[in-house]
Structure formats: structure tokens, C-alpha cells
Amino acid sequence: MHGLAFDIAHLLAGGMVVVSFLLLYQVRLFALINVFALHSLVLVLAVGWQATIQEAHHLYVTAGIALIFKAILIPTALHRIVRRLGIHRTLEVVGGVGLNMLAGAALVALAILVMLPVTTTADVLAREDLAFALAVVLLGLWLMVIRHNAVSLVIGFMSLENGLVLAAAGARGMPLAVEISIAFSVLIALIVIGVFLFRIRERFDSVDMQAMDSFREGRRR
Amino acid sequence: MSLPLLLGLPVILLAVGIHAVTTSRRSHRSHWIYGATLIVCVIALGLALASLLMDPTPATLTLPLGLPWLGAHFRLDALAAFFLVVVNLGGAVASLFALGYGQHESAPGRVLPFFPAFLAGMNLVLLADDAFTFLFAWEFMSLSSWALVMAHHQEPANSRAGYLYLVMACFGTLALLLAFGLLAGSDGAYDFAAIRAGQATPGLAALALVLALIGAGSKAGLVPLHVWLPLAHPAAPSHVSALMSGVMTKVAVYGFVRIVFDLLGEPVAWWWGGLVLALGGVTAVLGVLYALMQHDLKRLLAYHTVENIGIIFIGLGLALAFQANQMYTSAALALTAALFHILNHSLFKSLLFLGAGAVLTATGERDMERLGGLIHPMPWTALAFLLGAAAISALPPLNGFVSEWLTFQAILLSPELPQWLLKFLAPAVGALLALSAALAAACFVKAFGITFLGRPRSPAAAQAQETDRYSLWALFILAGLCLLAGILPGLVVDSLAPVVGLLNGSARLVTQHDQPWLTLVPVADVKSSYNGLLVLLFMAFSGAVAAFLIHRLASSAVRRGPAWDCGFPEASPTTQYTAGSFAQPIRRVFGSVVFQARERVMMPPPGDLRPARFEVKLRDPIWEHGYAPIANAVVAASSRFNYLQYLTIRHYLSLVFGALVILLLGMALWR
Amino acid sequence: MALITDYLVQGCQMLLVLLLAPLLTGWVRTIKAQLLRRRGPSPLQPYRDLLKLLRKEALLADSASWLFRVAPYLIFAALWVAAALVPTFASGLLFSWTADLIAIVALLGSARFFLALAGLDVGTSFGGIGSSREMMIASLAEPAMLMIVFTLSLLAGTTELSAIAQFMLTAEVGLRVSLALALLALIMVAIAENARIPVDNPATHLELTMVHEAMVLEYSGRHLALIELAASLKLLLYLSLLGCIFIPWGMATAGESWTAYLIGVAAYLGKLALGGFLLALFETSIAKMRVFRVDQFLGAALMLGLLGALLLFVSRSR
Amino acid sequence: MNALGFLAVTALLIVPASATVVLMLAPGYRFGARLNVSAALLSLLAAITLLGWRPEANLYLRVDDFNIYLIVLNNLVSFTTSVFSASYIAHELETGRLTPAYLRFYHAMYQALLFAMNLALLANNIGLLWVAIELATLITVLMVGLYRTRAALEAAWKYFILGSLGIALALFGTILVYLAAQPVVGEGLPAMAWDQLLAKADAFEPALLNLAFVFLLLGYGTKAGLVPLHAWLPDAHAEGPTPISAVLSGLLLNVALYAVLRFKMLMSANSHALAPGPLMVGLGLLSLLFAGLMLYRRGDIKRLFAYSSIEHMGIITFAFGMGGPLANFAGLLHMTMHSLTKSAIFFTVGHIAQAKGTQRISTIRGLTVTHPVLGWGLVAGVIAIAGMPPFGVFTSEFLVVSSTFARQPLLALPLALGLLLAFGTLLWRLHGMAFGKPDSGPVAPVQASILPMLTHLALVLIAGIWLPGPLVAWFKNVAALLG
């Protein structure tokens, strides 16, 4: 394992974390979608690089899937949905942006704290990727937590799954079954979400989930 | 060998119950069912008596049921046999009574299936020889009796009673479960033989004792765990009430005796006895005081069950105290007293509840304030009820007196105890016992006098009819047994001897049946003796002689006329003393302290024609300070947390997120 | 032969108590009258009353049941048996072991039970008053009595009255605080149980104050006679109880010579006379108390009894 | 003979899958319902043949003591549920809550769900297990949203978000497990096969296993509805069609728990990894107490029993957390008993809701008078689920409580408290519904199919009195493996 390859892998993985921070930072929906596309793009690069240095060619497939679906198709689809629903106004964020960034930093620290001492035996590359992947996962979850809006929720979830893909790619020789399942899951996830957004629009004017949250046993009785 | 037969009988009972479900359309089925239970109970009674008197040597049997690696163990020893006698005697008489009473049942479909199941459950509890089978049968017993309590579920009060009953039963079962878990150890040696063999450390044994006291006590109705009892027992149909009050509480006592005297072996600390003794005394007095405040006949009887359970536990507590000091002869006396009272109470309490049932069918009333004068339309029921009342009031020469007399004798032996606390506790408890006996007499003067004597207070009471012959047979069988046990106590004591020996390191009372004139001599004839037979003979003799002489030599003429009543002519029946007014002096003496009884007279202003109103406010301290707070706490907590049902998805996500972060932090710090 | 005499002596005691009872009542009445500077009836007056009542026809209320007619015989029987079982002139008679002190107290209890029921039977307001008050009093008197029993039996190691009496004759008793307390309590209980002043007034017919009289208000003729006789038997019983426990001197023991028996009878008569006199003296010197002071009166008795028992523990354990 | 076993295994997967396709295309809901029942019956038969002829494991599928009884249970319950749903759905069609098109979709999804769960149970591969559970999640999401009311959509949405989040966490855990295994077992499929993992688990990197277990517990625990990850469960049960509630409570929770237990085996096979016991005990107690409190205020009958499912998942998790032969045996038994009993309860509840035309508890009164069979069925079910004899739940709760108290009294007290609490609150509701004066409304006749309920209750009853030998043997082996 020569240093340059390691550095590049490290750089790309770290890049994903940075982009996740950007996701946290965005307050406008379109910008959020675009940044997510960027996020997926970085993922593609990272996975591709893993494929080259591991000589694991199935990872190219993964990279391709990620590129097509997450970097191109889904963002455009989301653009259309947002436009259709007419919700391209600034979306409210729970708590200040700065506060969220700070929490995000804490999460990254936590990820590294948990991961670094752990995988002392596994090879360095996997460990680094894993640490960053965990950070991305946590940041995605954090994004889901701090946003009200359905679309941004979906985006948060998918950024989380990007983190998973990164981790899977980092795991040396992980069978193809998993990647396929991921892609598969993402596909289904999109379909279901699309269905949902569609139905939701049938019934509500906004995709704002608090509108949906207001139909519950307690409120009904 | 009678154990397999005794095991077969509950199965038959269950089959009968299932048959009752399937044929619930027919009309004559109640005869069929109760007849079947009657026969089965009589057979079981015979077998149990045989094994108690002929060969009390334990017999065991294991069936491949229950816990697979354990199997269902069953055992028939003297203790089980004695309680089997009690249970099946009560069951048989209740069935006989129900042959007539069951005809008036409004919802037979809700009684017939569960009555045999209830009997089966009680029989199985007594035969069980491992923790699992025991608790299985125990809980089954509670469940079937709950179904019977819920038979008339359309009155809200009954539904509430059933709820409270089942919750308390579950609580008690949990306590017993913990006790057994403690005794069985972590590798689950649940069969009683293993538990007997294993010696628990003092701390564990004490904990097990307390748990057993809670578990069995909550079923038997020890204060302060008694609250469900006076609600649930009256709610059931009367023959079931008789079983629950007269018999099921005894099964609960059996559970306590089995665990504490048999499984735990020797009591290690003297304070065990003190604890049980004090609880028993408090229970006895509080129970009878509660009873005095009631004017619902069946509830009054139920509260008396609480009192008698207290008396039984006094005996058991003394036995524990004596055993802890290796005074086995004294312990034998105390145990005999307790067991004797168990038998007696099952007799007269069943009798009284059945009598109340007869009154209920005759008048449709349970409220004594609306009864009265029933001795005229139903003299036989009145006679039987009177005997039961005299017996429960511990009047010689009936059986209630004998067991209380034995208890007093046991208390009189307490000065030999070395511990100071026990020295002082015993006579104090004796005073409580005497007080409860006297109050019981007062309470049954009230119960019998207001219900059967005087003039009818309501049309229903005026038009009452004597009950059917089945019921009368049942009543008089029990009454006769009360008298027999009262005048031949020595025989009963002798047949209790094997049980006492089993529980008391094979120490037992001296054999009684060879005493002159069948006198009862518990310790030595210089100390104390009692001869119910002679007392009866003397009384009969002197009474008969007096009657004969008077009617022969003096006048025997009788003239009827209106009551004089100090010259108040033809007062209306409402001027009679009522249950409330009869209890008023005692309420003023005791109730004002215990129940914060408050009396208010509301006089209308002059010229206003409305009648003056008199009302009494009683407060139940145990409910107010023990149970209400718990219920309120649960309600408050559930309302407090209820908002968690109505959060937004984001909040739920943050819950997951929080859990994840916390666990990860834990990981990080754990390394 | 010996057995025959034993039966004979036992029978004598039964008859003795039965015959002496009215005389005792009359004696107390006479003394009271004398103390009040009245001439009063002769001590034999109760016999005349009883005979008169016995000859009268019984007038029953319409609403009276069979219990009302049976109760007098039961009460009489119970009290007669109880009174006959208390050693009077001799201890350790043939059937003395039939019932110990506790059983005797319980026999009194059964008599009271039926009396109270009889009071409720006719269904009049006064009967109710009497019964409920009687049971309230009893509910305090009986525990007090049993506490006294405890004290005595702890001292004597037995609840057999004869044995207690014989024990009291022995020297080892000595003077004890517990005994004094027990005596005091027993006297208070006796007063309450026999419906004497200050608890109740046997002479009154002022409705609201009476307890015992209210219960028997509806009785007449032979039934009333039996109840009166039972009442005087009860008084006799308590006095002989006090006598055989606290002043047992002169009492014969079973199987002794006839002279001993005669001495015993004489001593017994003396004790009764003394007791009756003291009772009358006490009654004339005190006023009746309110019904709802009775519980304090008897509560005091109960406490005395309990105190006696506890003090006994202290002294025994030394 | 192993050929037969292999045939059975393949049948367990092929039959539902092909049935799904056919049902997608087939018109007419009657045919659909029949086909649904018969397909479920076929796979049940296949499962039963597995009892006799057990195939040896390959890299993808395996049948061992742990999953064999779960497979049988799974197919049994899904068979009875399909019978129940046939009558239930018919009624729904009459009342017009569903259209035939949706029914076709429903039946297809039902078989697909069956396929997914069979796959999850048969899988010998943690990746395959994960895929199957995700598939099951997505299918159930669609079915919960079937009625398309606002409440149903919201429930489905909530379920979808939380479920897929759990799935994601589980995947991360799976990857970590692979990473731990890879250096020892070697790259590729073997590093994901249960038997390989279990055999070599002791050599794995313990810290990595610990981290993995945290993610797996949270991920699959979300599917098992453990507090605080439970939020989706009550709504999903309440708003979906009742057969699906039965399958969710009866089967899917078990499958998720099964996954957790598999990984717990891994943990306990590794001597250096931290003991997962305390974690599970904590979550279990939390679920038990919380659910017990929440039961009290429920107004919706299906939500009520959904919370009781949470409670019982808590008990089971607690039992496995305690570990030891007794507690593990109890946990396994409780899983079985709970799925049988709870699905029986949901059968009853479904018919009750149809008969009364509402799910609101406050409007249901005196069932034992108006609908004796349903009413007493409900009583029996609640009695059984509350852990009273003569039903099987009593056995497991007996073992859990007593063995716990013998070892750690302080833990048994909250357990007993929670049991009592849940019992009291559940019984309170039962009294309200089954007893009391029935409101004098028109009693809607409902063509209830009683047989499934009776079958389940009978099984639970028998288990309460006598447990068959082979089952006991399996339970004991698995209990030993669970440590």
C-alpha cells in the first residue's frame, strides 16, 4: 500500500464528509439537491478509486450505479418534484445553522473516536474509509433529524446510504450481493418515496410533515 | 393407592365444565352439573379422609406434563389430605345447595362451566408437589373464581370487584413466584423435594417468608391486602361465595403453611413468629370492625372471613415462635388450634354464606335494612343460620369456641418464650383476639337479629318463602358438623395429629380419645380442660328439667297480644332498630378512631315537612393511604408519558439518533 | 360408693347455687334499702316474685317467634351450668374439669348472645336499644375478663378454677401488684356484667337509661321468671368467682369429710353475705354514668387486666 | 432423503414467489383469496416436511435447530392468517373500504411478504438475511398504507422512514461484521455465512464486533419495536388491515428478533467481546415498563394490542439478555407463544372491529353478551397473553421471573412490576370491552372465521400443559448456543 493511493482515498473519503457538512449548511431546497448530487459524485470517485486500488472490478459497477442513479437521476427527479409541488421556498431548519455544524463536528469526532481504536488489525485503508463512512452516516442521520421537510428528509436518508456504500466499498472483497442490494434498495426506496410524495400531494398541498403529523389518534379523539 | 384417583377427579371435573359449555342450551343441565360435582366431591372427600385417618404416609406421582425437564409432581401427605377434606367437604355441600339454588341463577351459562373448574383448581393446588404445578393450579383457581365473580357482570360494582380481585391475585402470584424462584435457585430445582433438601441461608429464608406472607396473605385476605375480598366474595353467586370464603381462603393458608412450615423447614429467627402474630391480631380486629360497619349481609360475612383468617394466622404465628425456640409441644398446640380453626371456619362460613344465599333467593335482598322477620316464613333456614352465627361467635358448645379456646391455651404458653418482644406481644394479641371474639358476637347478634328477627322492613321480606329441600339439607349438614366438631373436639384433634406431626418435627399433642368423657386436654389436665359434650348435656338437662317442671307444676298458658314496648302502641316496622343503629354504640366507641366515623343529623327548619336526615360517613384508612396513591401514581405516570404517542417523525428520528449516539459514546468510553 | 358421694356433692352444689341465687339478690336489695334508710322488702321477696311470675300466664307479642320462647330456657341453662361449675364451698368436684375459666366466661357469653337476640325478636325500639348497648358493653367486658384470666392462669399456671383456688390457698402466692390489679378489674367487670350501678340500674324503668331491663321488656310470666333467676344466678356466679379466687379460705377440697364440706358451705355463705353488702354499699355511694362513659370505664378495666398480665411477666422473669 | 429436504427448502421460496407473480396478474379477488390460502398451505406442508428431512447447509441457505421451528411457526401462522384474511377481506370489500384492484395487490404482497420472511429465516448469509428483511419492510410498508386514509398514509410513512433507517443501521453493522470476519475467514461469501462465522467467531476482532452489535441491535431492534425505536409499531398495527397487523406482530417482529439473536450468538461465541446481555436487559425493561404505562391510555383497540406486542418483545429481549439455559429457553418459548396468541387476538379484534364498525374501545361494550364467541375469544386471548394458566405464556413468564429473581433480585423487581402494570392495564380494557351492559345498538352479524383463532388458542393451551420433546430439544440446543 503506497502512500499516494492511500492519500487519495483518504482525500476522497474526507471529501464526502466535507460535502455532508455542506448539506447541513444548505437552507434552500434546490441548493440542497445540488449539493446532494455533488455528494454522490464524490462517492462515485471514492468508490472508483477503491476499485482501482483493490483491483475489485465489481466496484466499478457500484460506482456506475451510484453515478447514474444518485448523481443524475434522483437529483433531477427531486428537482421536478419540488417544482411540481411548488415548495422552492427557503425551508426552516431546527436550530441555527452554526449550531448544527458544531454538532456535526462533534459527530465526526465521535465517529473517529469510536472507529480509530477499533480496527487496529484491519488494514489502514479500510479503517480510514470506515471512520469517514461512519461520520457520513451520522451526519446524514443528523440531517434527517434537523429538517422538517419531506424532500430534505429523503436527501438526508440518501446521504446516509452514500455513507453505507462508502463503507461497503472500503470493505475489501465484500461480495457483490451487497452492492446490488443497496442499489436495489435505493431504487425501491425511490419508487416508494415517489409514490408517497405523489399520494401525499393528492391529499396535502405541502410535503411538510407536520401537516401529516397532525392526524393522529390523540388529535382525533 | 388413592393419589391417582384423587388426580383423576379434577380431570373429571374439568370434563364436566367443558360439557357445561357445550350443552349450554339445555335447561335441566344445572341439576346434571351440580349432581356430578356433588358426587365427585363426595368421592374425593372419602378418599382424603381415608388417607388422613388410615395411612398418612406420603405418596408421590410424576406425570410428563408441565415443565418438560421437570414433569408435574404430585404428592399426597397428611397436610394435603386434611386440606382436601376441607375443600371437598365445602365443595360437596355447595354443590348440594346449588342443586336447589342453581335453579334461580339468572346467567347459568356463566356459572356452570366455571364451578367445576374452580373445584378442580383448588384440588390440584393441594396435590401439587412442584413450584410450577402449584402456581399453575393456583392461578387457574384464581382465574376460574374470577370468571365466577364476573358471572353477574352487568352491575358495574361486580365488574370492579372482579378487576380488583384478579389484579390482586396476579400480584400475589407474582410474590409466590419470586419466593419459589428464590428457593429453587438459579438452576431451577422447582420440585418441592429438592427445595426441602436445599437449605436456604437465613437471609434468603426470611425473604421467602415475607414473600410467602404477601403472596398467600393477599389471597387469604390478610390486612392490608384484604381490600379485594369483601368486594369479590359477595359479588359471586352465593354457593360460590361460600366456596371462595369458606374454602379458597383455606387453600391460600395451605400455600403459606406448605411454604413456611414444610419447604423452609425450621424457622431460623424468632421474629418470624412475631411478625405473623402481629399481622394476625391486627387482621382479626380490623376485619370484625369493618364487618360491624356493614349492612350488606354477604359483605358482612366476607369481612368476617378476614377476621377468621387473622385468628388462623395468630395460631400459625405462635407455632412459628415456638418452633424457633424448639418448644415443639407448645408449637403442636398452636398448630392444632390453627388447623382446627381452619376446619371450623370452612364449616360455619360456608353455612352462613349458604344461608345468606337462601335469604337472597327468598327475598332478592342482600341489604339487611330491607330485611327482617324472616324467622317466621323461613324457620329452618333461621335455625341453621342461628347455629352458624353462634358457632362463629365462639359460643360453647359449638365448634368455633373450641378452636379459639385452643388458641387461648397456646397464648397462655407464651411466657415460656425467651424473647421479650414475644413475651409482651403474645398477651396483647390475646387481648386483640378476645376483643375480636366479643365484637364478632355483637356483629352476629346484629346480622341474625336484623335479618331474621323483628318485623319485616320491606314487602319482599314479608312475602319470603322457605327455601327448597336441597338447600335445607346442605345447611343442616353443615350445622350438624359444627355441633359435632364442638362436642367431640378430641376426635378432631386426634385426626389432626398426623398433620401437626408432619409440620412440627413429628411432635404432636397427646392423644385425646382415651380421655374420660372425651374431654379435651391439650397439655395436662391440671392446666386446662374442656368438655363440650358434658357442657351440652348439662345445658340440655337443666334446660329440659326447668321446662318440664315449669310446664308441669306452674302455668303453661300463653296469650298473644300486641307488643308492649313501654306503651307505644302499634309502632310501624320502621321504628325498629336497624343494622346501622344497632352498630351505632360500637361505631362511636371504635369507629371514630379507626374509620374517622362522622355522624350528621340534618334537621329541616321548623315548618318544613321534609323528614330529618341522619347520615354517617366512614372512611377506609387502608384504601385511602395504601391503594389510592398507587392507582393515582399509575394514572399520573401514564398521562405524563402519553405525549410520546403524539410526537412528529422528526422527534422519533431524534430518539433513534440519540440512542445511537449514546451507545456509541458508551462504546468509546467503555474501551 | 365414693363415686356416688361425688355425684351427690356435685348435685348439691348445683342445687345450692340455684337456691341461693334469689336470696343473694334479695339480700343486696335489703341492704340497699337499709342504707337508704328505707325498710325495704325481706330478703325472701325474690322467691315470692318468682313463684308469682311462674304461676302467671305468659303474654307474648304477636311478632314474637319461637326463639323468643326458647331463649329464656337457654339463658337459664347456660347460666346455671356456668354458676354450678364455679367452686363454691369445695374445689375439685367431680365435673370441675368440664369447663375451665375461659369456658365459663364463654358460657356467660352465649347466655348474653341469646338474651340480646330475644331483645331484638319482637321488633320494638327499646329491645333494640337494650341489645345494642348490651353487646357494646360486652365487647369491652369480655376482653377485660380474659385479661384477668390470663393474669390468674399465668400466676397459677392453669385455667382450671379449682386448681387456681387451691393454688391461691398455698403460701407461695404472697401479695402481688398483678393480683390487686386483677381484683380491681374483675370487680369492674362484674359490675358491668350484672348491670349494676354505675353501668346500669337494675331498678330503673326510665326507658332511655336502661340496658338489661330494656332487653327483657317484652317478657312476662314464666319467661320473665327464668330470666330474673338467670340474672341473680349471674350475680351469684361473679361473687363466688371473686370468693374462690381472692378469698379462698375455708373452702374444702373434694373427697374431704362432711365436716369440711359444712365448713366450706358456711364460709361460702359468709363470703356471699360480705360481697352482697359491699356491692350494696358501693351502689348506694355512686351515681349512674352516661352510657357512652361505660366504654371508658371498661376500657380502664381492660387496661388494668393487660397491665396485670404484663407486670406478671416482669415479676416472673426475675 | 436430503433431496426431499432440499426440495422443501426450494418450495418454501419458490411457492410464495411464483404465487406473488400469479396473483399480480390474476383477476378476481375470490380466486385470489383461494390461491393465497392454498399457496400458504403448500409452503406450510413444505415446512412440515423439513421437520423430518433436514437438508445440509450451503453458502446461502441452511436449516438448523434455531430456525426450523420458526420456519414452521411462520408458515403455520401465515396459513391461518390467510384463512382469516379471506373472510376479513370479503367484508372489507362489502363495506367498500377496498377495491378489487387493491385486493389483487394485497394478495400478491401477502405472498411476497411470506417469501421475504421465509428467505430471512432460511438465509445462511448475513447479507441475504439483510436483503430479505429489507424486502419484508418495504412490502409491509405498502400494505400498511393500503387503505390510503390520511392516518394509514401517515402510519406507513412513519414506518417507512424509521424502518429504512433501521435497515441502514443494520447494513452498517453487517459490513462491520464482515470486516471482522474477513481477516479470519477470508474474503468473499464464506465471511458472511452463519456456520463459518459461528465456527471461527472466537478469533474475530472483539472491538469491531462490539461496534457491529450496537448497530445491529439498533437496526434490527427498530424492526422488533423495542423502545425507544418503537414509534412506527402502534400506528402501523392500528391503521393497516388486520391480517397484516397479525402478521406484523406474530411473525415480522419474531424475524427481526431472530436476526438479533443470531448476532448475539456470534457475540457470545467470541470470548473477548463485551457481553450484550446488559444492553438487551436494559432495552427489554425499558420496553416492558413503557408499554405497560402506555397501555392504560389507549383508545384504539388495535393500538392497544400493538403496545402489548412491544411489551412482550421487551420481555423476550429481557430474557435473552439475562441468558442462561432457563431464561433463554423461556425467551424462545415466549417468542413462539406470543406470536400464536397475539395473532389469535388480532383475528378476534379484526372481526370485533368489523362487527362493531369501530376500533374505539370506548364504544365497545359487553361483547360476551352480544357476540359470545368473539367476546370469550377475546377474553381467552387476553388471559393467555397476560401470562395466566392454562396457556403457554404462563410457562415462559414463570421461567423468566423465577430464574431472574434467583440470580439478580434487583432486576426481577422492575420486571415483576412491569408485568403487573401491563396486566392491570390490559385487564382494565378487557373488562370494559368484554363485560358490562352492552350498548343497545344494532348487532351487526359478521361472518367470522373462528377456526384460525381456535387453532392458535388450542395450540397455546396444549403448550401450556405439555411441550413436545423435539421442540424442547431444539430449544435447549439453541439456548446453549445463545449462552
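Here the chain labels run A, B, C and D in written order, and each chain numbers its own residues starting at 1.
Quick note on the criterion: contacts are C-beta pairs under 8 Å (C-beta built on N, C-alpha and C of every residue); 3 or more make two chains touch, one makes a residue touch a chain.
Fair warning: this is a prediction, and the values are worked out from it, not measured in the lab.
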{"item": "Chain whose average C-alpha position is farthest from chain B's own", "value": "A"}
{"item": "A-B or B-D, whichever has more C-beta pairs in contact", "value": "B-D"}
{"item": "Chain A and chain C: spacing of chain centres that average the CA atoms, whole Å", "value": "100"}
{"item": "Rounded Å distance between chain A and chain B, as computed from the means of their C-alpha atoms", "value": "69"}
{"item": "Centroid spacing, where centroids are CA-atom means, of chain B and chain D in whole angstrom", "value": "44"}
{"item": "Cα-centroid distance, chain C relative to chain D, in whole angstrom", "value": "78"}
{"item": "Residues of chain C touching at least two other chains", "value": "none"}
{"item": "For chain A, residues contacting two or more additional chains", "value": "114, 117, 141, 144, 153, 209, 213, 216-217"}
{"item": "Junction residues of chain B - those touching two or more other chains", "value": "642, 645, 647, 649, 653, 656, 660, 664, 667, 671"}
{"item": "Sites on chain B touched by chain C in the complex", "value": "372-373, 375-376, 379, 382, 386, 390, 393-396, 401, 405, 408-409, 411-412, 415, 423-424, 427-428, 430-431, 434-435, 437-439, 441-442, 444-446, 448-450, 453-455, 519, 525-531, 534-535, 538-540, 542-543, 546-547, 550, 554-555, 557-566, 568, 571, 573, 575-577, 581-586, 588-589"}
{"item": "Chain A residues within the chain D interface of the complex", "value": "114-115, 117-122, 126, 130, 133-134, 137, 141, 144, 153, 157, 160-161, 163-164, 167-168, 171-175, 177-178, 181-182, 184-185, 188-189, 192-193, 196, 199-200, 203, 209, 212-213, 215-217, 220-221"}
{"item": "Chain C residues within the chain B interface of the complex", "value": "14, 54-67, 73-74, 76-78, 80-81, 84, 95, 97-100, 102-103, 106-107, 109-110, 112-113, 116-117, 120-129, 131-133, 135-136, 138-143, 145-147, 150, 153-154, 157-160, 163, 205, 207, 217-218, 221-222, 226, 291-292, 295, 302, 305-306, 309-310, 313, 316-317"}
{"item": "Residues of chain B that touch chain D when the two form their complex", "value": "64-69, 131-132, 135-137, 139-140, 143, 150, 153-154, 156, 159, 162-163, 166-167, 170-171, 174, 177-178, 180-182, 184-188, 190, 634-635, 637-639, 641-642, 644-645, 647, 649, 652-653, 655-656, 658-660, 663-664, 667, 670-671"}
{"item": "Chain B partner contacts - residues on chain A that touch it in the complex", "value": "94, 107, 110, 113-114, 117, 138, 141-142, 144-148, 153, 209-210, 213, 216-219"}
